[in-house]
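Both of the next two complexes hold chain A, though its partner changes from chain B to chain C.
Let's look at the complex of A and B:
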């Protein structure tokens, strides 16, 4: 039985994916790419976006064959009951860890810049409770929420950046294309994992009204996100220079501290940016949290997912508190995205796609 | 049933509403606008301070290394409600800056808030101490509250004296100094260098200029600059030297250049200047070439000398003289920076890396030795557009 609010448009899917992808990674993205490839950062981001697009399209090819089904169903069809369930359960765990990372980074940054004395636990729980509320309500409210938040967040960010324009020093993008290829290759993971979040397509495609249009959604998502990443990175690097960009923990927030709106007595504008950023982190969290609960409910064979949302909260909460300090946190994040990220963004969709190709050749006896 | 639910909801909400760990009443918040940091020099300092009748520094702490002074405005007075002094000031000594902040909490009723700091002044003795200077720079850079548009300055005396200045025009010292800095647009004698530039330049080239600030009783003067090399101060640049440097850095807004021609003093107001720096390699030598083009206006001639200025030939001659004068100044200052201080203030290393990557690869390793041996050339093109309203 489908509830009447279980259908979204492909444009809404794009909004969901974009807000999911733009999350905690944006704060440190300029640092990572500037450290790796220096003046050629823009090129690296374009390469990363092409990679993300390829993976997005691969996922599209996969989910197109199984309209109305999520990873849970089609992985069981393709790999058999047990292996399919293991893969899906792993994806659920993956999303939970992903949520925990969002919560923890949110807590750390908020504590550093906004609420110095508030305990990290309280910050985390507050965000989680809010996310629970949204994740319980189902796919369509999430879609509408991200449709509202995405334009607000990007528009405000662009507006706030405008006064920075005269201070940018474009010469930091020189020399062009002098970076050794080796450095490009070693830095590609950093940019590729800025697109982590696109894999929720494997789950959310089930709700799209017209599955053929998912392709447009993928193009739109990668386009929007790349534009956003590219402008933020170029602006950060041209404002601070390479040395400083790679020296700071969160260059993007520092960027907003350098803004003086001329003529106005407006200062310390990073509070505005923080609130926008919190919105986008919240959105990321809500989407992946919902994804995790949905997979779990499908695995358990239940029709509703909303009663599973609250029980997952303590798991995310305790996972979020595991790292001892910010350095360990970023180390864990790196390993997490390197191993689990690659597995679910690259390996699983490609493997499933190949297998589905074979099955079809055999005569398609299962797809009936 | 419905009522109970609402009651429960309200109860839960009260739990959330009490969670204000970070609530600080605005009256209890000390919005620090200016910070002065000095090196603690035990013996000498104690005696001098007692003579001047300043706050006593406790003697029983040999680990003292800094003297830090915070100034913050009386927010009540600004709002028009409170009374008393327009500005408060606290001085403390300690081993590190955060130690000092901690110690100050035992003496102040408010909590220090650094989000509105406009000015950080360093004393000369501190700036000359590499270890302390690096500690201070890191503390400033690491602080999430301090922005990068604020001013960092160095004073030849003690930094504390700057904060003691009681400017009658503007009680909030940080704003007062900021207003002076705004004048940078009008005179290039003030080094155009905010904290963001200083940190960036130090990271990239290990060198930077920092504006100099000098205090008298009722006013401060911001002119000239301190030269930092390897994270410590190694010398000063005078007002006119700073101006020449600003021309080289393409940061000169407006300037006044006075030349003498046919025994008449001719001040020319430069209102627009732009500099193009090129680095060329010729016969194994590295040349830095400055191309400066500027526009100006004649400000003064001599009374009852008619017709002379309203003449293209005369103006062309004047333009040449002005250009020569500035070229000479720039050459002198460049020599001082390059040969005497051996600092890469103009960030030639970055310019080389960006524009001549092949050359940079060759000289990267021995840049410190090569830089003082590089050559320079400067070409100034002046256009005098207007002569005022009398011929």
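Let's look at the complex of A and C:
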């Protein structure tokens, strides 16, 4: 049988990136921004999106120079063999930890809202099995999955939010622009980290059919995600008010709990919402899992990526079980995103871009 | 068309050695008799030709397969009676007697000359008549196929309210004629081959040269060539031997009994595979969407067609998830229901001794039993089974307290939903998956339902039918937004100017003259000048 020939379109790239970015981060996003900047949350999200866009475009400038290559290959040409391999391996570890976080958060939230008596281990393993199946299938089925799941999830979310409209109180968004700038600056990392996931572009760009169109993919991704974040945050804040929002652990789930569809057969739809959320968490997990296995296979020089998927599963599983409770989990998550996240999301791509700029200049001088 | 010539140029080599035809009628006849020894349905007839009765001829045919009238009236009569009137001593005749027989005496339309006895035997066994002439190293094969056939009747498995009620029959020739009648285009190609070492079943690949997807056609040809099986009795053999993924529960080829359905698919750019001795044709590539379409969708006005199509999508979803959702909600998430309903459900399940999964499993299994028994039983008893089954499944089970009334409703809805799917093979795969989904719903509640749905979705994302993604056009790599005109809804014809993009063919214009141009032409034909 023919293998898939591993080519995706820029629109598919956008679907992959969007489903990757929207994952566990969205649950706590309204709380973080409401805590930080209060009524000016919408402005903060717009600023964050511009930052994410700039960042995405920087990465685009980097990957454009190396069509068909992933981080593993171009980091080695730019930094030398050893350092490049170390950086790539670190990225693989980063993605593995990221996967573990997704699995754990998924387990905790599902246990809290959907299946109260099911052990965390069962939930984690079943989700991982699913992710293994998809990650083994290769890039094209992943692209097709995101393409199908993203519209379904967005459409349902919008549909479900509609009945909330009469209950929203826009006065919670006043006064406008009274927040001190200092607060803005201290909250920016929180919103920036909610765009975590966009860095898989460094790996997935290699498969895009027309590398020039990656730019469109980045624009599309940031646009879609920002729209999603903005509407969710504004709706949560105007529904609950600032005080309430900033005191909830997962305001978005609480928001869905309050939805009462008039005249509907089903009364409490949070189980239904959870199902939609499971879809998006699963996609995030599958994409980063695939990214990790791909990097590892390129590092080891093996052509087949799918054999490496299964051995990674126990690693992710045990990493996911390390935190003892939710409090510890969020503590670890904070540290993880602060150190590794900052390093791989912002420092590595920018550093690589700068180095590639220098190298190009050198090369240009030589040829001239 | 160089491509098409290349594609069909290569002939499969016959593994048997060629037996040359000798110049002696007796010897040839003996050879045929030796090979066909023990078959009493083969008729051998030797006779003499010419006014001097010097030339010995023989004919061989299979009784029942060959048209006896044709052989008697137009072959034997001409050779034995009429040829005597000709003067064989005329110089021209003496040297060209065989040409004269071939071109002037036999009044049948289809004649072939062959020089291999093995080939002749294949022909004899498929209903042709072999004419052995004295002192000539070739045999004449007279097309005399003619056996009792079932007449063209309404297809029993795919009925429509509006549309032709012609269905395929068991004879390949009749079936190709039914298709040809709907496509009077010189570009309609019917490429015939034989598959099966022993059965030598005729298989025809049918396509329209200018709309077909060449990659698919090439794949079909290659895969059919690769088949080496002793017998092909039904299209199912072919389907299973050429499908992309045999592990998949989903059919990767569509079968149909309707010539209009085949013609419609050929116009869309697909390839049809017809097999002799079966009234079913295969259509490839098949995608999830094509399996959910009925020919009637295109005959009805678009409002009705679109509404029915939406209903069909909902029914497929229902047949898959409804019992699973019942299990998940009653055993894990009763809070999802409004309080009154939750209380009612709990109350009605009060006397039921089983957990929801066992209850649902029992009822669904009983339903499948009923269905299977209904198919196997002869028609007059079949309705009895329906009544008994209906009573057992419904009233009696509830009164005995084995199942709750709500469960009966769920089962009935699921059954109806499953039967609303136009393609039986596709419906049955969903029926199978329903049981898996029920089991997972019993373990993991709604998460289990989502889990199985995701597994199915991943599988479908992986699946391809002859290189075309099974979920086309929902996945973008080969499609454009235009394709959605004919998916959930069917837009009126004048909006659908292109053929479906996901089957990527050459000539993409379906409807050129739309309503608007017709109207302007009526108003004034100045634009044309």
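Quick note on the criterion: the second predicted complex is superposed on the first by the 358 of 368 C-alpha atoms of A that agree within 3 Å, B and C clash if a C-alpha of one lies under 4 Å from a C-alpha of the other, contacts with A are read in each partner's own complex, and residues count from 1 in each chain.
As a convention for this text, contacts are C-beta pairs under 8 Å (C-beta built on N, C-alpha and C of every residue); 3 or more make two chains touch, one makes a residue touch a chain.
Remember, predicted model here, so these are calculated numbers, not experimental data.
Residue contacts after overlaying the shared chain place A:8 against chain C, while chain B stays out of touching range. Using the contact criterion defined above for the overlaid structures, shared-chain residue A:204 touches neither chain B nor chain C, since it reaches no partner.
By the touch criterion stated above, A:115 is placed in contact with chain B and with chain C alike.
By the touch criterion defined above, A:144 reaches chain C but does not reach chain B.
Within the superposed three-chain model, A:60 lies out of touch with both chain B and chain C [touch as defined at top]. Set against each other, chain B and chain C differ in how many residues of chain A they touch, and the higher count belongs to C. Looking at the shared chain after the overlay, A:91 reaches neither chain B nor chain C.
When both complexes are overlaid on chain A, the residue A:192 reaches neither chain B nor chain C. On chain A, the patch touched by chain B and the patch touched by chain C overlap at residues 114-115, 118, 122, 126, 267-268. Chain C contributes residues 244-245, 332-333, 335-339, 341, 444-447, 449-451, 454-455, 457-458, 461-462, 467, 469, 471, 474-477 to its touches with chain A in the complex. Listed in rising order, the residues of chain B touching chain A in the complex are 16, 19, 21-22, 115-116, 144, 147-149, 196, 199-200, 203-204, 350, 353-355, 357. For chain A in complex with chain B, the touching residues are 39, 112-119, 122, 126, 171-172, 174-175, 178, 240-241, 243-244, 247, 254, 257-260, 267-268.
Taken in their complex, chain A has these residues touching chain C: 1-2, 4, 7-9, 11-12, 110, 114-115, 118, 122-123, 126, 130, 133-134, 137, 140-141, 143-145, 147-149, 265-269, 271-272, 274-275, 278-279, 282.
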